[in-house]
Every structure is written in C-alpha cells, then in structure tokens.
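Read through the structures below before going on.
Next come two complexes, and both contain subunit A; in the first it sits with subunit B, in the second with subunit C.
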Partner chain A sequence: MIRKIFSLAYLTVKKHIFTFGFISLSIIFFLIPFWCSYLQGDGTSEGKFKVFVTYSFLLSSIILITVNIAFSCVSISDELKKKTMFLLDSKPLKRGQVILGKWIGFLFLNFLLILSFLLSMSLFSVFLSKKIKSNFKEEKNIFLTYAQVSPYSFISGEEEKSKLKKRETYAIPPGGKITWNFKGIKNASDIYLTFKFYTSKKEEKEITGYWLIGNPSMEKPVEILTEFSQNEVHRLKIPSECVSKKGQLQITYINIDPENISVLFNKEELKIRYPWKNYWDNLVRSGFNLLLVTGFISAMGIFFSAIVSTLTAAISTSVLIFISYLHGFTELIVKSLMGEKKIFAYFSYLLLKFSLFILPPLNKFLPHIYIEDSLILPFSYLKNVFLKTTIFGAVPILILAILYFSKRELGVFNE
Partner chain B sequence: MNEIIKFDNVTKVFKDFWRKPKVVALKNFSFSVNEGEILGLLGPNGSGKSTTLKLILGLLYPTHGRISVFGKLPGDNLAKRFIGYLPEEDYLYSYLNAYETLDFFGKVFNLPSNIRNERIELLLEMLGIKGYETRPVGEYSKGMARRLGLAQSLINDPKLLILDEPTNGMDPIGSNEIKNILLDLKKKGKTILICSHLLADIESICDRIIILYRGEMITEGKVDELLDSYKGEKNPLEKFFLDVVKKKKEEVKEKKEKIYKEEKKEKEEVDKDLLQKLLHKDDS
Partner chain C sequence: MNKRIKCLILLILAFIFFYISLNPLFQTQKIRKSSLPEEKRLKKLPPEIAFTTILLGGFRGILTDFLWMRARKLQEEGKYFELVQLSNWIGLLEPNLPQVWRFNAWNLSYNISVEFPTPEERWNWVYQGIKLLRDKALKYLPDSPDIYSELAWIYFNKISSPIDEFSYYYKRRWAKIMKDAFGNIKLDEMIKYSSYENLMKDKEVVKIVNAFQDKGLDIFKDWEEISKNNFSSLPKELKVYLGKKSFRKIEAYIRGKILREKFKLIPEDMREIEKKYLPLDWKAASSHSLYWIEEGRKKTDMEDIDYERMVYFSLNYLLEWGKIDFKQFGDEEIMIVSPYLEIADILNKYYEEILENLEEGFSTGVKSSHRTFLRKVILLSYTMHNLKTANKYFKYLKKHYPGEVGNLTISGYIAKQFYTTIKEGGQREIFGLLYGILYQSFWYLGIGEEERYKGLESLAKSIYNHTASENPKFKNLFPTFSHLKKNVLERAISSFPPPISKNLRRRFMH
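Now for the complex of A and B:
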C-alpha cells in the first residue's frame, strides 16, 4: 500500500519538477533573500537584518500559498479532464491512495522549494552579516535568537484576583503589589523583563516602582528601585542568580509612587526575554512551520479538485485561504455584518463565523511574525501549528476528499 | 466454462444535476464473457459500448441489475489485479517516458522489480517501442502511443484484457502486428473483450460478437454461425453488421412513427371534442 502511495507521489513530483514553472519558482525562491538584502530597515544594523529576514519569509510564504493553490487545485480535476484517471482507476488502486499520493507529492515539492529558500537565506545571511559589520561597525550578534516566557500565574490582592482575570492588564493600586511567577527559563546571562505600563494620569512622566526579584528557593530577593516613563516598552535586567536551577523566577512589583496613582501593566507586553538558541536553529524551525502551512493548503486544494472543476476548485480554495490568512480582517467583516438585519447578511455572518471556527489562522501561523522580533519559534508553538493545520486541518479534509472521491462515478465526467 | 464477466439485466441511466433521467445508455443488458474466449462488442456511436466497459471497470455504477467480474463487484481491487485495460484514447502521462510509464504501472500492480524489468523489456521489444523508451510519451505519434497503451495493459500479464479500439490511429502494418499479438494471447488462453469499428479485425480475431444499438443488444452469437449466410461475400461481418443495424433502425423508425400517429390521432380527437363543446356552448 505504502509503495503504491509513493509511486503516485513520484508521479506528482515528476509532473511538476522539470517544468518551466517549477524551475522558475525555485530560482525565485532562491532570489527572494537576495532582493530583501537590499532593504534598509530603520537604519540600524539590527533593523536591516530584521527587515531582511522578515520580508524574505513574508514574500516566500505569500508565493508558496499562491503556488500551492494553483498546483493542488489542478491535481485531480486535471486527471479527470485528461481522462488519465480512467486508466489509473482501472488498476488495483484505491482512490484514497491516489489522493494521499498526490498530497505527499505536493509536500515533497514544497519541501524542495522551502529548502531552496532556506539555503539562499543561509547564504545571504552570512553575506549580509559581513556587509553589516563593515558598514555599521557595531558589535552586535545579529544571529542571536531570543526566547520569550509569559507568567504562568500571578498573585495580587485577594479581592481583586477574579476581576483581573478577564482584563487585558494587571492593575496595581497605590501601595498595592503584584507577584508574577515564571517557569521554564533556561540558564542564560542576559535575562530581561520586558513590559509596558500606563496610569490614569497621562501627564505623569516618571513612575516610581519597587521590584523584588527572586525565586521560591532564594532566601532574600534582589531589590531594585526604578523610575520608568509610561506608555513605552522597558527592559529590566534580571540578575542571573535570581533564576532557580529549575528555571523558576518570581517578580514582585510594589506601587510606591508618591502621586498615589494606579499602575496598569499590559498583559501582552509583560514577558521574560533571554537569548537562547541561534538564528540557524530558527531557520530550520521556520521552514518546518512553512511546510505545515503549505500541507494544509494543498490538502484543501486537492479536496476541492476531487469535487469540482479546476476553476471552481481554485476559486473555492482561494476564498477559504483568504479568510484563513486574513483572520482578523474577516472577523471585522463578520462584526460589521452583525448590525445588518437582512437574511443575506445573517447567512453570510453564520457562514463566515463557521469558516473562522474551522480554519486555522494562517496569518498567526506564519513564522515571519516571530522572526520580526528575533524570537525562537518554541516547540509548543510548532505543536500548536501542527495540531491546527495538520491534525485538525489537513487530515479531516483529506478524509472527506477520500470518502467523496471513492464513491464518485468517474465515467460521467465532462468538463 | 467459467464466466469471467457477467451482466445480469443491467440498465444504466445518466441523470442530470437534479437527478432527473437524461439518457438511457443501457437497457436490460445481459451477457457474459467466458474464460479463454474473445468477445467483440460492436455497435454504432452512442450504442453503449464504452458505458459497458466503464461499468466493468467500476468507473460507472449500474442503475439497475448486477455485474460481476471474476466473481467480484466491478472496481474490486482483487478483480482489477487480473485486468488489463486499453482505453479508447491514449490516456497516458505525457511527462513520463515509455520505460517510466511501464515501471509505474508495474509498481501499481505490486510487481517485484526483477519481474517488472523483465516484463518491461519483453513488452518494449514485442510492441516495437525498443529504442524509443527514453523519449517522453508526449512526443510520441498516435500509433506509438497506442503501442505503449497496449504494453501498459499487458504489464500485469492479465487474465482478462479489455481493449477499446486497439488499432485506433495505427497504420496497416501496426494494425496487423497488434492483430497477431492478440491471436498469440488467444493461444495462451487469455480472455479478451474488444470494442472496435474495424470489423475485419473483429471477424478474424473474435469467437463471439454482440451488437448493441441505442443501449439494447440486438444480436449475439458465434461469428461463424452469424456469418453463415454471408459466406463468399467480401467483408461479411461488415455487411452483416450494416444489415442488422439498418433493420433495427427501421424498426425503431416504424415504432416511432406508430407512436407519433397514435398521439396525433388522440390529439385530433381531443381537439374535435373541444371544438364541439365550444360550438354547443355558443348555440346555447
């Protein structure tokens, strides 16, 4: 069975690999980092490198999505149109094997394109780092990638705990305090707490705070007195001895500002950040992440291709990928439709809401967002992408395609 | 004798998008193909020959009736292992060469690599493709593609060979070669079902023929017996075929005319009644 599936996968690969389109694409994927190496960014060495990496990944993912829609939507419908499927179906093959073979073939083609892109990224990264060193004369390790850890729990005033859960901020009243607990921090020398806060008094510029940094096994925490301005992202250096061997860290903030105002910390911005792993490790993880996303898209294209004609399949897949990619934008449309009272608006609302429910948010699953912040893609993130795009995405879609296609009468096909 | 294919009162109706009947492709069609015989399926265009083949292969499902192939339902992989199929047109992958095509289909039949290579060499030689096996199929002439089509249908050494217009697009030399190959296969005891418009080929190869017309079987029998009264004539099967089809056409035409006349008569009577009623109403 596996041998038959791989024979069919080989057929898919062979169909595309030596075509003008595929070779051109491989060259384009190789050239994307070259084009992006000319982007300037914010004028700093770090900025230039970030722009290079982010735009390379953004461009490649957009092209990969388009290419996958184009290739996969042709897969089955083209075989039906050219009637090669008649001959294939007369052989001892299950139609499910045909679908799986095609999907694996597309995965391999995507793998080759991503590999070409990653090779080029590696080459131009080295080239760019040398260029940056000579141009900027900065001693910055641009190949460093950071890990980011959010607090897993916090202790605030008992009476406020339940209210705080639903809010987007941690609020500390005058004289009040809050303790954040972190875990899973690897041993590193440059550990920082990044945060952003604001107060009810906009005119207040410098806010005085008192920090206690330690861990449960530490006898006396380190005390730090700070004066930070509001509405800006700050970095507070964490002494490395404050992190326990198990990677635990406890940070307490006491609001001692003499102006008697409440301080509100933004939940999204409050994170521990430290250098971990390197850029090359991240490239491999990002490539794998792209492969997962393209696997989902090709499964969807094959599904529609097994049901309808090439054109209809391409339109249907594009619409769903558009919704999936622009998750946030689609949510806005859904919300705007809520105000309408027409039946069409009501059904559109239900349909869009359902689409959002079943489709993975591709814009959040593309690695350039992580890469922009020089963050390593954690395995928990990759696991989440794998679950949503493959286990709850591609697999059910392929099962549906196999169930439908196995029952379909192929002899009546006329396009 | 073992029945390799059995059709029992098979009807196939093609339906439109709204599931309403559109075309009746086969009407209560019953026939069987015995082991080791060569059966010719004849009929004008649109008579249901291709539909019959597609039903055997499981590409279409019957609306009524039962079909069995090697005692299994059509489309069963156990039955398909023993079938070789040559479609009407060359539905081959243009981006593969002859060797890759045969290798791919050999893999689909799970043939071990040594047997696969042996058969590929044999078939390339037998069908005159040797020397062209590395050229992509897309560059082949129609005749060459046809030869390759036949080669792929023989890769699994099938017990049942289904051939749809096997000599379609081939020159007389090629046609003759194919005919000789089929006669060789007959000697080896293979069962063959052929659809062809070249009646001279059918006549010399087939043991038995079935003639279809508009989804109905109009004649069935052994070639010798059916052509007994045409002995001594040039192209006897062609003459027989044309006579049978012409007769059926006339029958259908007569039937249609009869129905049309009856309908017209009924309509005239209804109109007459209606006119009388109207006149009666005006009088009153």
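Now for the complex of A and C:
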C-alpha cells in the first residue's frame, strides 16, 4: 500500500518538477535572498541582517502559500475534468491512496522549493555577513541565536499560583514581593531577564526595585537594586552563578519604591534570554516549520479540489487560509462577543470559536517572527505547529477528502 | 409637437444633463492631475517610480496601506529595524506627496530616535530621517518647498538646538562627517576643479593617477581607502605625491564630487550663500539649515514666512555655535564650539529692517526680542574676550534701549545678567556660579583657547566684584578671588584629561 502511495507521489512530482512553472519558482526562491540582501535595514549591521532574514522569509512564505493553493486546488478537479482520473481508477489503487499520494507528492515538491530557498539563504547569509564585516565597524556575531524561557511558576505573597494562563500581569503591591521560578536554562553565560512593567502613574517615572537572584541550591541569593522607568523593555543581567547545574533559576522582586505604588509586570514580556545554538540551526528548523505549514495548505487544497471545481476550490482555500491568518483578529471578535446574550451573537460566537479551533493561527506559525529576533525556534513551538497543522489540521482534512472521494461518482464534474 | 422635434429636445436635454453630471468627474480629474504625476513628467521619472505608479496600478493603494499598517504595528511593538526600509517604500509608492516624506523623516528623526538610550543609536535614526529627505524625497520632489523646510528644520532643531539631550553628540557627529568630507580643501578649489575633463588635461595629474593605478589603486574610486587615517595606509612611493599641487587638484575634484553626490551639497551654491552672508563653517549644523532653506527658496516657490523664519533661526544658532574646531590631545579629539560673532551684524540689521517696517503698536514684541539678542551678543563677545564687539553692542544698546542699561558700565551690565543669582542666591549658588565659570575658563585655557579663557575669567571677576558691592557680608563669607581661582585650578588639573592638565600645569608653573 505504501509503495502504491509513493509511486503516485512520484508521478505527481514527475508531472510538476520539469514544468516551466516549477523551474521558474525554484529560481525565484533562489533569488529572493539575493534581492533581500540588498535591502538597507536601519543603518546597523544587526538591522541589515534582520531585514534580510525577515523579508526573505516573509516573501518566500507568501509565494509558497500562493503556489500551494494553486497547485493543490488543480490536483483532483483537473484530473476529473480531463478524465485522467478514470485511468487511475481503473488501476488497482484505492481512491484514498490517490489523495495521499498527491499530498505526499506536493509535500516533496514543497521540500524541494524550501531546500532551494534554504540553500540560497545559507549562501547569501555568508555573503552578507562578509559584506557587513567590511562595511560596519561594530563587531557583532550576527549568527548567534537566543533561547527564551518563561517562568513555569510564581509565588506571590504566601500563595503559590500555578495557573499562569489566566493572568496577563504580575501585580506587586507596595512593599509586596513576587518570586518567579525558571527551569530548563541550558546556558548560564551572558544571561538576561527581559521585562516590562507599568504603574498607575502616567508620567515617565523611575521605579526603585530590589531583586534577589539565585536558585534553590544557593545559600544566599545575589542582591541587586535597580531604578527602571516604566513602559519600556528592560534587560537585567543575571550573574551566571545564579543558575543551577540543572538549569534552575529563582528571581524575587520586592517593591520598595518610596512612593507606595503597585508595579504590574507584563507577563508576555517577562522572560529569561540566553545565547543558544546558532542561525544555521534556526534555518533548518524554519525549513521544517515552512514544510508543516505548506503541508496543511496543500491538504486543504486537495480536499476542496476533490469536492468542487478548481476555481471554487482556489477561492475556498484562499478564504480559509486568509481567515487562518487573521486568527488574532478573530480571537478579538470572539472576546467581544463573549458577554453578548443575543441569539445571533451567541451563534456567531460558536461559529468563530469553532473556526478558531479548526484553523491553525498561520500568522503565528511562520518562522520569520522568531528568526528576525534572533530567537531560536524552540522544539515546543515546532511541536505545537506540528500538532495544529498536521495532526489536527492536515490529517482530519485528508481523512474527510478520502471519505468523500471514495464514495463519489467519477463521471460527474465538480461544479 | 412634432415627434422629431420632441426627440431632438430630449436629446439636447440628455446631453446637457450628461454634461452637468460629468462636471464633478472633470473636477476630480483636475485635482488628480494636479496631485498625481502627469504622463509627461512620468516619462522623466526614475524607473522605480514608473514601476510603482504604472505597473502596480490600483494595487498601489492596497500595498501602501499594508506598508503603513506594518510600519505602525512594528513601531508600536518597538521593532524599528525595518522602518527605514518601509519609509523608503512608502515614499516610492506615494512619491508625489511631500507630506508622506515629511512625516516619515520626522518619525525617524524624532519619534524613533528618542526610543534609544545611547547617543550613537539615536544619531543613527536622526541621520536616517535626514537621508530620507535629502537622498530620496528631493530626488522625486525637487520642487517641493516642504521638503527643503523640513530638512532645514531637522538640521536646526534636532542637531543645532539643545532640544535633545544628546544634541552635543549630534553636533559632534555631523561636524566630524563634514570635517572628513572637506579635508583641507576649500570651497573655491572644489568649484575650480569640478570638471573631470579639465582636470585630466593637466599632465602632472595624469602622472599621479597612473602612478596610483600602477599600484592597483584607482584614485577616484578607492578614495575612501586611500584617504583613510590621513593617508597613513598609502605605500611610500605614493606618499611623495601628497604634498604636490596636482594632488591637491585631484583631491579638490574628488571632495567636491563627494559633496555633490553623497551629501547633495552644491559647492557653487554654498559659495553663493557665503557671499550673501559670511564665510560659513560647514561643520556647524546651522550652516546646513541655512543652506537647505536657501536652496528651497531658490528652487521652489517657498513662502516668505517659512523662509525668513528658518534663516533667522539658523543665523541665531550660528551666532552661538557657528564655529567648530577639533583639537587632538593625546588619543582624545576634542571638539571646540565657539560663537560666530560676525553674524551679529547681519542679525542686527535684520532686526532693524523689521522694526523700521513695523508700526509702533506692533513693535513691542520685536523690540523685546531685539533687546534679548543684544544682551546675548554682549555676553558672548565678553566671554570670548572680544571687548571691541562687546563695547560696540553695549553702546548700541545704551543708545537704543537706555532703560535696559541705566548708569551701568559694561562689566556691571554683564554682572547684572546674573542678577537673580547674585541678589537672591545664597552663598552656595553664587559660589557654584563662579566655580562653574572659572572651571570652564581653565578648560579653554587647557585646550589653547586663550581669548575664551580671558573672557570667562573677566566675567567671573565682574560677577565677584559686583556681588561684593551688593552684599557686604560677602567678603567675610568668601575667599578672595585669587584664592578661589587657585582652588578651581587645582580641581581642574586633577579632573581634566592628562594632556590638558599638563598644559595647565606648564602654564601656571611659569
């Protein structure tokens, strides 16, 4: 059975790989980093490299998504229209195998395009780094990436709160304190705590804070007194000896500001940041990330192609992918509808909630946001992408397509 | 009525209504023609603009919206590295709207720059805003007065004036850029040797160019590398040419070309401005705000008020910070900013002209500003030890505004400027003021600015004497002037950089 699927995949690849369209695309993917290497950035070496990476990934993901919609939406409906599907149907093949074979074929084509892109990225990254070295005086390792760790638990006052998800800020009253626990820190050198906080005061005010940094195995934590202004992202250097061998870290903040005001730390911005892996690791992970996303899109295209005509399939897939991109916006609408008690609002709420459930947030699932910040794509993130785009995305869609396509009559065109 | 006539009337009516209904369309087209590039103009436009305006068609608007939204979102998130690129693209998509260029340049130079904590980072953004206007906006909108005004404004307001906490650093950076661009070459030389053809007619020049070529260096293309660190990296065989006249001609040609192409400064126009006012120090940012506003006036239909206002501001700042020099002390290069006192005559004339044309009832505000200006000139001249100018303006002030001076002598008048501190300040405030002035005077002495030292020292002495006459307790509370001076000198020697302290020691040991 697997052999049959792979031979069908091979046929799909063979059908497309030597076409003018595919060869042009491979060349375009190769040229994207070349073009982006000429973008100017903000005048610093880091900015230039970031713009190069961001736009290379942004453009390639847009083209990949469009191409996947175009290729996959033609796949079944075109075969039905040209009646070549009868030929396939007359062979000892299950229709489900046809669907899977096509999907794997597209996956391989995507792999080739991504490979072409990554090869070009590697080449132009080296080229650009040399150019940057000769043009900029500042010495910075632009290939270094960083890992981020959020606190896994915190203790505020006496009570331990493990349900972090519900909170958007950590509030510390005057004279109060909070302790954040981190684990899994793999490198203790050049380590920072990044954070942002607010107070009830509107003007730019410097808040006095007292920090105790250590780990459970340390006898006495390191004490640091700081004066930071609100509403800005700050970086606090963590002494390397404060991280235990197991990668544990405990940070306590005591609100000692003389003006007796509460301090609210933004939960999203409070992270430990340390150098980890490098740009090349990130490139490989990003390639895998792109492959997962394109796998989901081609599965959706194949599904619609099995049900409706090429044009309708393309429109439907595009609309759903677009909604998938607007995941954040949809989340906002869902939140605003939560309090409404009207039937229409309730219905919309369920529908939107459902769409949020079935569609992965593609805007968050593309690698450039991570890679532009020199952050390594964590495996936990890739696992999440894999779960939502493949296990809960592509697989159910393909099962639906197989179920429908196995039962349908081949003589009728898709309308 | 005949059926045919009825049809004819209806047809005529239909035409009339059709024409009336078309009228708004004509109006719209008229507005579009005035704001969008015309076809003829479009042909002359650079390819990137032709591409964005013709090929993108209606999608241009959508793309522009997308880029605006992305720029806004990134700025809110504190991600600035893409913003220069986005501002460029937005400008390319809407090249005919000066407001777009102005907004983006202002955003880069003002809003984004202040988000950064260090002066180096801030300068990068301030200069990005300047570059956006100078290199891009003026390329596409060479006849827009707004672009010139904005460019002049950034030079004046962001670099010259002390509005930004790091404005001194910006002044230094810009002065350094201009110092490197000019080298030792004068404007006249750049103008004289501006033609490549004429330059290459000189056999000596050709000989030097060939000698560089034999060593694998193209003197015109590799100038940056050749001139690095004052030509220190040049091979010995080539260093012999450095002192030659023909080499200076080549240098003048290249530096002029750099000014024209990189900084968009036309030496001929710079010379014209110098003829109109006074020879300017182009290291001072105010000289550039004056240059760009004069260029705007010359090349566009700029409004009088915008032009005059910027000229006034620029001259005012030139008066205070119009001369910049760099002095090397060991490894440290110190920037010395001095007033350009000769500008005072131009500004004074400017005031006189305004006051002459104003009715009595409307002149109160201008008179008050004139008084402030005269006060500033006297004080600056006095601290520069330029007593001739100080006296000249003191007499002028006495003649035109006798109430301001009363029976005071010039030193009494100078001391009066610190009236509040002398009259109401405690011992600590007065001591602080004298200490500050003397400390500064020793700094100038240390870096070799003798006249400045003398000026500041006599200012401190005037304040000291005036305070002693106003406050009888003073003499008992304070050390003598020479004692105070000695104290400050000791402190200055211990805190100044070693080469400067060494100068002071050498001076006072004799």
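Simple rule for what comes next: the second predicted complex is superposed on the first by the 374 of 415 C-alpha atoms of A that agree within 3 Å, B and C clash if a C-alpha of one lies under 4 Å from a C-alpha of the other, contacts with A are read in each partner's own complex, and residues count from 1 in each chain.
As a working rule, contacts are C-beta pairs under 8 Å (C-beta built on N, C-alpha and C of every residue); 3 or more make two chains touch, one makes a residue touch a chain.
All values derive from a computational prediction rather than experimental measurement.
Q: If subunit A is used to align the two complexes, do subunit B and subunit C fit next to each other or clash?
A: Verdict on subunit A: subunit B and subunit C fit.
Q: Which chain makes contact with more of the residues of subunit A, subunit B or else subunit C?
A: B
Q: With both structures superposed on the shared chain, find the angle between the C-alpha centres of subunit B and subunit C as seen from the C-alpha centre of subunit A, to the nearest 10 degrees.
A: One gets 130 degrees for this angle.
Q: Output check: A:246 vs subunit B and subunit C. Expected answer is one of first, second, both, neither. What do you get?
A: After superposition on chain A, A:246 lies in contact with neither partner.
Q: Between subunit B (first) and subunit C (second), which does A:130 come into contact with in this model arrangement: first, second, both, or neither?
A: Once the two structures are laid over each other on A, A:130 reaches no partner at all.
Q: Pick one for A:50: touches subunit B only (first), subunit C only (second), both, or neither.
A: Second partner only.
Q: Looking at A:84 after the superposition, I want to know if it touches subunit B, subunit C, both of them or none. Which is it: first, second, both, neither?
A: First partner only.
Q: With the two complexes overlaid on chain A, what is the closest approach of subunit B to subunit C, counting only CA atoms, in Å?
A: 34
Q: Can you list the residues of subunit A that meet both subunit B and subunit C?
A: Touching subunit B and subunit C on subunit A: no residues.
Q: Residues of subunit A touching subunit B in their complex?
A: 3-4, 7, 10-11, 14-15, 18, 82-84, 86-94, 409-412
Q: How about subunit A: which of its residues touch subunit C in the complex?
A: Contacts found on subunit A: 39-44, 46-47, 50-51, 54, 233, 372.
Q: What residues on subunit B touch subunit A, complex-wise?
A: Checking each residue of subunit B against subunit A gives 14, 51, 54, 57-61, 75, 77-78, 80-81, 83, 85, 87, 89, 91-93, 95-96, 100, 104-105, 107-110, 152, 162.
Q: Show which residues of subunit C lie in contact with subunit A when the two form their complex.
A: 78-85, 88, 124-125, 127-128
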